[in-house]
Structure formats: C-alpha cells, structure tokens
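Dropping the structures in below, format is structure tokens.
Okay, so subunit A shows up in both of these, paired with subunit B first and subunit C after.
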Partner chain A sequence: MLNTMALIDRVQLELGAQEPWPKDAKLYQPYEVEQILLSDNANCLAVQAFLKMCNLDFVVEPRANAEAMSPSGKVPFLKAGAFVVSELEGIVSFVNNKGISLTEKFDQEAKSDMRAYMSLVHNVIEVAELYISWVDKETYNEVTSVRNGSIYPWPLNHIQNRAKRNQVIKKLKVLQWYKKSTKEVLEEVENCCQALSDRLEGKEYFFGTSCELDALLYGHVHTVLTNTKTVAMKKLADVIKKFNIITEHCRRIDEQFMRRSSCVYFG
Partner chain B sequence: MTETDKFQLYVFEGDCGLVSFDPECIQSILLAKLAKLPVKINLLNSIRKCARYTAPSLINKKVVSTNYSEIVSYLRTKNYNIDQSLSPKQCSEMLALTTLANSKLRPVVDFFFWMDARNSEDFTTMWYMRALPLPFNFMHTRREKNKVADLMEALYPNDTNVEIIKNFMIKSATQCLTSFSSRLGKQDYFFGSTPTTVDIIVYSYIAPLIKLPFPSSEFKNLFNLWPNLTMFVKRIDAKYLPDVSVESKYLKKDEKIKSVNDDDVSYTAIAIIILSAASIIFGFAVNRGFIQT
Partner chain C sequence: MGTVHAKADDRRNILGDTVENLSGNERQQDKRQEDIQWEGVRARVDKIHIDGLARTKDDIIEDCIRDLFKASDFQDVLLKAHRARLKLDELGCFKNISVYIDTSKGPNATPDGLEVTFNVKELKRLTGGISTHVGNNEGALLVGMKAPNILGRGERVQVEYTHGSKKTSNFNIGFVKPFRGRHRPVFTTSLFQAHSEWPTSGYKSIERGLLLDFAFHSSSLVKHNLQWSGDVRDFNCLSRSTSFDVREQSGLSLKSALRHILSMDLRDDLIFPTQGSLFELTSEFAGLGGDVGFIKNKFTFQSNYSVMEDIVFQGSLTGGVMTPTSPDMKISMADMFYLGGPLSVRGFQLRGVGPHSEGNALGSMCYWAAGLHLFAPLPFRPGRGGFGELFRTHLFVNAGNVGDFKLDDSNLLSTIQKNMRVSYGLGLALRLGNMARLEVNYCFPLTFDKGDHTQSGVQFGIGVKFL
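Take a look at the complex of A and B:
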C-alpha cells in the first residue's frame, strides 16, 4: 500500500503532464456548513482560490469522510481524471506539471521567498488555528467537538473526537506549541501578520501577480475572520483585523477571484 | 573579568570540526560569538554538570534559559541583538526564512541523526555513548530517539516505512536547500555582509550534514549541487569559529575504516580460495593423467 503510494507519486509526475486539464475535476472536502474545522476550512479555501486563480474548472464535492478518502489523510484532495492529489503543495505541483503555473515569470529569489512565506503561514497561522480548535476548552466544547463528531452516531462521536484530539495534541507537543498559553499563541500570530504585512506593504499581491502564497493567506484570513463563535476565535480574528493591509488583500482576492460579497467581516 | 563569570553557557561537546554535536547548541554558541557576549562555554561531560543542566542552557544571574529561542529573547532584554540593522521588510523575510529552516531542515537533520538506522546505530548513538558520562548517555540517546520518532509520526502520520519517509525527507530537503542556495546567491551572508539570525539557523542545520562522517552518505553528495552553501559554511567557520579541531575525538579513524570495509572481501580470503581451487584442479589433472610425472 505504502509502496504503491510512492509509486503513484512518481507516475503522476511523469504521466500527469501529458494530459490536458480534465472537465470533470472534483475537489473533495468536508461539509462546509456542519462539519469542517478551522484549519481544514482554510486549506480547502486556499486550494479553491488557487484553482480559480489558474482559471481551472472544478466542482466542489462535499463528503463526510473526505479526510479518510484522501491519500495523505488531509483535506482537501483533487480528483482530476485518473489522478488523486491532496493538499495545496501537491495540487500546485500537479497543476504546474500540466504547464499551468502562476509563478513561471518569477525569478529564483522570489520563488524561494514565496516558499519561505508559505511555510510561515503553515507553521504559525495554521498551527494557531489547530491550537484554538483543539486546546482552547470553550472552542473545543462548543465548536470543534460538535462539528468533528457530527458525522458519527452517538458513542462513536466521542471516541473519534478523543482520538483526533490526542493526535492533534501530540503534533502540537512536537512543535512545542502545546505548552504555550493562548496569549503567547496570539502573539506569535501577531508577529507573523506583522511580517506578512511588512512584505505586502504597498502592493496588491506579494510578488506583483497573484500566486499560491496569496491563495494560502486568503484561505486562512478569510476563515479566521468569518468564524468568530467563541471568545478565543474572536480574539484570533481581532489580531488579524489589526492589519488593514492583510484584510484588504483578502477582500481583493474575494472580489477578483472568488466573486462573493465580503461585507460579512468588514461590518 | 567579573562579566565573564556572569554568563555561563552549557553545551554538548563538538567533534569532527563541529563546535557542538547538537544543532541547538551550535546556534547558541554562534549567537554568543556574533553578539560578542562575554560568555564562558562549559561542556557537559561530567556527571555533576549533566545532572544540573540540559543543553543548551544559558545562565546569568540565576536566570536560566534552556532553549535557543529563550536564549535569544533573554539576550535581547540585555541589549545583545544581532539583527538591529535590518529594515522591517528584511525582518519580515528573516522570520519567514527561519520558519522555513526550522520546519523543513530541522526534521531532516533529526532524521539523519537518529532515525536512519545505520547513522543512528553506528555513529550518533555511539558518539553520545562515549561523550556523555554513564547514566546520561543512555538517557539522552533514548530521549532524542523518542522525540524524533514522535516528530516523524506527527509529520507523516500515514507512513511508517522508514525508507518512504527518507525519500520524502530527501525531496523536501532538496527543495528547501535549493531555496536557500538561490536566496543566498553570491552574497556572503543572507542579508549582505554581516551575519544575522537566519545565517545562524541555516549554518547549524547544514554544517552537521556537510561535516560529520555519517556512514550513509546520501546527503553529502547532494551538497555538490550547491557549492555556495558549502562556501557559506566555510566562511562562517573561518571567521567566527576558527579554533575548532577537525580531528574526530571519540570515534577513532581505524574503527571507521573497519566499519566502511565491512562489505569488502579481504585479500587473504581471496588468496586461500584461489590456492585451494588451483590445487584441486592440479590434483584432478594429475589424477586423470593429464600431467605426466
């Protein structure tokens, strides 16, 4: 099983390039209204924004067990023709192999900067979202456990919640985030936003034209700003709202690519 | 020199041209040198020191900072800051690059130290066994191994096969090092002519991979792709860490040769085989009367 996965990975690189973009590309993700969690929502939105930036057609296909269907165990994943690719990085390189790239005009330095900023968003904002969803008690009880357990019948939902929580906490421990307080987590996010806003200053997009970093940041910012049910979630949104440059950037992508009204979080 | 007594830095010993064996210790030492901190560097090589301190730890007026980020923020409060001259945009880039190094290179280094079976058993574990005093060598190696196993589990929850993880590692490391190499370009350091925090972090992760004589050498050959990174390590060595001996202290040369030659067949064995084969053929020929005596 594992070996076949590695093999598929390689086959995708070699064969995927030859076929044009299929008409029936489907993006599988959890149910947005009832089920999806903060960080998953952000990643799904980032991939959607990226595909729209590339002008590629796709249909969003909500599935309760999307996470279990995904080859890497993480949502979202894309089914294009005979190929299944998961997560933003995988999908970006899959699309690049088809000759469609948002970054082909970038020089090497810009590309490495982009990679660095993407890892910054992944390692700070995404981890902060995980922390708020699974470690903060109020958010866990009122939002995360209800949503994560919503697809399972009664005793199983508690078991699944607990298993998933242990898994996330283990990850946070390894990353040395578990022992941080909510205040420290918010400080980290603020530093990260400061860095992003300093880099973005005076420009529409990070590197002139839109690229996957813009999509990734949009996904996270939009998700955080539109989910403010509990105190901790609200605090996280307030931290990001301090940076006008970042919310403007998010609004710009919303209007230009996602074509939806974004007055929700500026009201 | 009362100042000198105030700052005490406890680190693991270095070897093979490295100032310390542990990336985080390298970072602390290099930071102390770059910030011109009046510090006394102590090696953790006796039971008393190992029992009292973990590596790296910086002690100043009873304040103990026990990891690199704590050390950095503590030294900032004492006005030892090496990133003062950077503009906000450069600071922002620095944060991004450090995150990239910590999230992509750190797991690779940890993996090659502790998870790769040959490296871990023949090199890293053996080195720590000799460098640290008795109960602590077992404790430390075990703790590190568990830590790295947890890290791998968190990063690749679906894969348990070490070989597959190794492939992922090499792939992500190549990508990440290419980024760093092109970001560094022809400059001396990442932000011009003076080193900053990024340089410390990147040095601490790539120097062990370049210098240590690991038994499995997938990585060493990779660095031929990026000559500027090798030069970068040499530059920092020459300027800031000039007095580090290249000789390996705990694992002697002859042992290494022995382990390297494990797969080779010795010449004595070949001679014996040839001799016995020749005598059998000769005996057969005599017996059948091909050779008349």
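Take a look at the complex of A and C:
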C-alpha cells in the first residue's frame, strides 16, 4: 500500500508541476531568533534568496517543529498548494518544473560547474558549520544546546540534544571530519573560499546572472558573518572575511534581492 | 493510547466455575438431603499442610489459609478450603493446586478434627513462550518471558514483545509486586515502547515511556487503578500525501499524566454475557510537566438482560469529554477521540465518523456512542451445547456523534443530537477462546454526515471491547 502511495505521490508531484505558482506558498522553517542553528539558518536563507531571485511570492512561516514536519527531515520546506517540497535542491527542481528557471540559458558545462561548486559549499562550509555547532565545546554549550533544546520541555531537551549530537557526530565521522582540529577545519574552509573567490573574481555572480549557487553561498556567508557569539564562530567568520570578493557578493545579494542593509558584516 | 491487548482472565473463569459448581453441589445436596446433613456435621480444622513449597514465603501462604481454621461445620470447611485454594491461585506462584481433606490423627487430634492438605507445585523460575493474541482489530504475535515469584511473595518480572498484523509493535518490561491486605493492592511498574500506524489518520507514532500503576479493590468487585505515565511520543506522517493538518502535529512531545480508572464488572461472561453490567470510568489529567496538557474523562457502560432462554438484550453507552488545560500545552491527535469502525459505530470505516482533512481523520474533543444488540443462538441450534455455543447471531443498532461540545451549553442535548450518526445491521459473532470476539456484520448506515467515511455492506471486526 505504501509503495503505491509513493507512486501516487510522485505522479501527483509531476502533475502539480503544471499548475501555476500558488498565491499562498509558505516556507516553513524554525524560529530564527531563539531556535535555528547555524547550518539550518544558512539553508533557509539560501532558499529564501533563491525564491526572491526567481521573483516568486512566499511567506516565511516559523514553526518549532518544522524539522519534524519536513518530508525529508530537513529544513526548510515549501508548501505550495497541496505540495510539500523540502531543501534547496528539491525546491529548485519543483520551481523548474513550473517553467521557472535561473539556469535556462546556461550551457551544459556551466550547469555541471554550478553543481560542483554547490556540492563544494555543502561538503565544506556546511560541514564546518555542523562541526563548530556540535563539536566545539563552547559553541555547543552556549549556543547549540540552548537553541536546539529550547522547543522541548525538561528532560526531553537534554535527551534530544544528546540524540541530535550523536547523529551529527556520526555524520562527521563518516565524512572524516570528526577527528579534525578546529584549526584544520578552518583551513578547509579557507581553501574552499579560495576556490570560490577565484571563480567569482571579476564577476558580479558566478555565471553572469544570479543562480542557485549564488543563493546557496549567500545563505552560508550571511549566516556565518552574522553569528559570532563564541570564539570558534568568530574565527569562522574571520576566515570568510578575508575574502573580499565573497563578502562583496553577499552584500550584493542582500541589497539586490533581500532588500536589507548589510552593514552588520563589518560593524 | 496504544492497542488494548486481551488475555484470558483466568481468575474470572475459576470464579465462574465455582459459582456453577457450588450451585450444582447444592442441587445434589437437596437430592441427598435425607442421607447427609452437611451443615449438621460438626467439624474443626486441626492442621493444615502445604506440600511443595520451596521459595514461596510462609507469611503470604498463612494469609491465604487463615480463615480455614475458623470453620465450624463440614460445609464451611469445604467452602473455606475452596476459597483458600482460589487465594493461593491468585498469588500467581503455583502451577496447580489440589486439596485433600482427611480426619485428624495422632495424639493431639480432637474428636471432630480434620487435616487439610494443599498440594502445590511452584512455577519454574523462568517461563516463556510464544503465543498469538488478539488486539483491537488486529492479530498479534507475542513473545514473552516471565520470572514468576522471584522474591517469594508473588513478585514477578516480565518481558514481552508483540508484533501486530497492522504494523504495530510493542515492547514492555514490567515488574509486578502484589501486597498483602484486604484491598488486594498490586503495584506494577513497566518500561514500554509502542509503535503504531494509523493509515486512516495518516500518521504513525512511537511512544516510549514509564508507567507506574497501583491497583486495589475498594470492595470485592470494584477495582481502582491509579497510574502515572511519562512518555515521549514521536509523531510522524505516514506519507507525502498525508493531510497538512496532520503534518503540522509532527514532532516529539512529552506527556506526563495521572490517571484513575474505576472498573466494576458484574457480567457473567466476557464475550457473550447473559446478564450483569460493566461500568468503567477513566479520568486522566495530563500536564504534570511535559508539553501535553488536557483533562480527559471517559466512561463505558454495558448492561445485559436475558429476554428468553438464550436470547440476550444488550445495551451499551460510552462517552468522553476532553478539555484543554492551558494554551501553551499541546493536545496531540493521538490523545483525541475517534468514532467509527467495526468495534465502535458499525457501518463506518475505522475512525470514519467526524472531521476529516484530505481523507485523514482528525479526532474530536467529545464523543458519545450507544449500541443496542439482540443476541440469539444460531438458528435451528446446530452443535448445541458444543461447537454451536461459540457462535451468536445478532441484530444491532448503533448511534453516536463526535464534536467539540461545550458542557455548559444550554442546548447541550440538541447539540449532541445534531448530526447524530445511526447505523443498523445484522451479523454473526464468534467467540475466540475466552478473550476475543470476531464479528462479521452486514451494515446499513442510516444517517451520516457529508465528510464521514461510511462502509455499508459487509464489515469484519475482531477485538476485545465492542460497542
């Protein structure tokens, strides 16, 4: 029965693609002020930036249990009409299915380059954010555990923090990041930023016009630069600040699409 | 809460048998009244032997047999010996118990003296097994292990795992400690994990928690349970097409609740009673810590009357009300009331009555349901006295309603009658062991709401508690 249901889901998703963009699209994500964590914040911002680049209307709907509500278990997720789609990649292809695409005019090479850079951001900057949030003791105790546990009553908050931490550490072990020192992690981020900065040099956006890669990088850079509560978080921000081209790119998206001032980065 | 699982209530069985046996004895007595006047035979118990005790402690045995010394005539001895046997059996320490009564011999014997010997066989230190049992509308496989009487006073530790045909699975480790005393108090503590799936509501849930239960009798037939349970519930959507209203409830919640269950069962049989009533009242307060908060009251009443020989009229009424305690506390769909299905209002699909969102049943804060049944044996009585007694035919009318009724509403009666659902039908019921009932019914839903999911025609139900 479940298999047929999954098939029906897929068929419905395909059919739904032909409908126009609904007026009541909502983006569900955790509470930004008291709950959201570094990497989740980055991913939510990236989707927001992407939707704004596409000029699509949506409302951000904060929910404490957004992560549990999401079909993939990850935030953010989009509810458009009867459809529920999660994470940047899923949302991008959902939007593409409606005939809206930022990469229409890109050639094959640019498309595959874009995908490679996106996975670079996912595999380095996002993992570094997870490392700082869950492995760095100061950040875990002062920021991550407080925020992650804020939505649960005692003693569930402690149980959940522990469970989530074990889950993230398991992931980091698989990626062979768990044994790295903070210094090594920051070096990885620096190398990644160097590569991105080289590609971006002399251009406003990676491939001329804005695309999902720009949105993704913006989400991460903006999040890291605006969250500097602990020493490790500050160090991570300092690494990115070394690359003028990247902070400039972030400021450009802020002003052009997000319509907010970005003095926070340098204040 | 999860599935209610049924097990044969051995105690009841024995009680039932006893009543029959005793009345049988009396009849026999009448016949032979000229020969022996039981009441006239003076007797006194000099000695009681208990053979076969190993690890069971003496004090709990003494409690069981003390009354026997007070017997003054032979009939009294017989009755009290029987009662003592029942009490010994209730301890749950022995496999089988037999009673021998003999005249007292030896230097200290009195003229009317008797010696009573109880031959008991203790249960092994560890028992276990695999069995099947029936929960509410599903069959289940049960793997269990039990260490009975571990400390010598009826304490037991049990581990159970059940896997149901509808993808439910339960794991349970429990410790049971009976106490001595007039009110027969029993303390139970258990750690549990229960997994269940509800396709009609589009969700699945995993509950893990701790249950403390204190049971006692305020009179011989009125049983109370005081419970505290703390459990973490993981609530998830079953599929992508699950209604968004259900999806919004996803996530973890912690429920800490106090419960009082009062039950009084005066029926003469669990499955096909011919007379007697059942009354059950459950009051629950959730919100003692945790983030789930409500007050919930629920009652069940069932009454049976023998109209003619073998024809039984049964009426039942059940209802419940839930009220939120504070706006900060959640009320999960798993706690709400649902109506409809072969065990509830027949002629509707499982949870088919009441509000739905995209096909998923959402649950309500109040409900009531009533049922009238006329049970009769199979026509022409094939297999009379044997196989045929496992079956009953029945005609039924069910009615019920759900909604968010306000108890202080002046038009309460008309509110709860509005949109009342009624169905009727006829069917065949089958007794499965002494613990469950199987029904095949042909149902006709008579009045229903637009959003209801009806099921007219053949409906199949298996379970323990039927409306």
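Brief remarks follow.
Here is the rule we go by: the second predicted complex is superposed on the first by the 257 of 267 C-alpha atoms of A that agree within 3 Å, B and C clash if a C-alpha of one lies under 4 Å from a C-alpha of the other, contacts with A are read in each partner's own complex, and residues count from 1 in each chain.
Here is the rule we go by: contacts are C-beta pairs under 8 Å (C-beta built on N, C-alpha and C of every residue); 3 or more make two chains touch, one makes a residue touch a chain.
As the structure is a computational prediction, the values presented were derived from the model and not from experiment.
Within the superposed three-chain model, A:167 lies in touch with subunit B and out of touch with subunit C [touch as defined at top]. After overlaying the two complexes on the shared chain, residue contacts for A:229 are found with neither subunit B nor subunit C.
In the superposition on chain A, A:117 contacts subunit B only, with no contact to subunit C. Between subunit B and subunit C, it is B that contacts the larger number of residues in subunit A. Of the two partner chains placed by the overlay, neither subunit B nor subunit C lies in contact with A:158. Look at A:69: by the touch rule set out above, it reaches subunit C but stays clear of subunit B.
Touch criterion not met for A:242: it reaches neither subunit B nor subunit C. Shared contact residues of subunit A with subunit B and subunit C: 2, 5-6.
Within the complex, the subunit A residues that touch subunit C are 1-2, 5-6, 8-9, 12, 63-65, 67-69, 71, 79, 82, 84, 152-154, 156, 159-160.
By the touch criterion stated above, subunit B contacts subunit A in their complex at residues 88-89, 91-93, 95-97, 99-100, 102-104, 147, 150-151, 153-154, 157-161, 164, 167, 175-176, 178-180, 182-183, 185.
Listed in rising order, the residues of subunit C touching subunit A in the complex are 199, 232, 235-241, 244, 247-248, 250-252, 254, 289-291, 358. Contact residues on subunit A toward subunit B in their complex (touch as defined above): 2-3, 5-6, 72-73, 108-109, 111-113, 115-117, 119-120, 122-124, 167, 170-171, 173-175, 191-192, 194-196, 198-199, 201.
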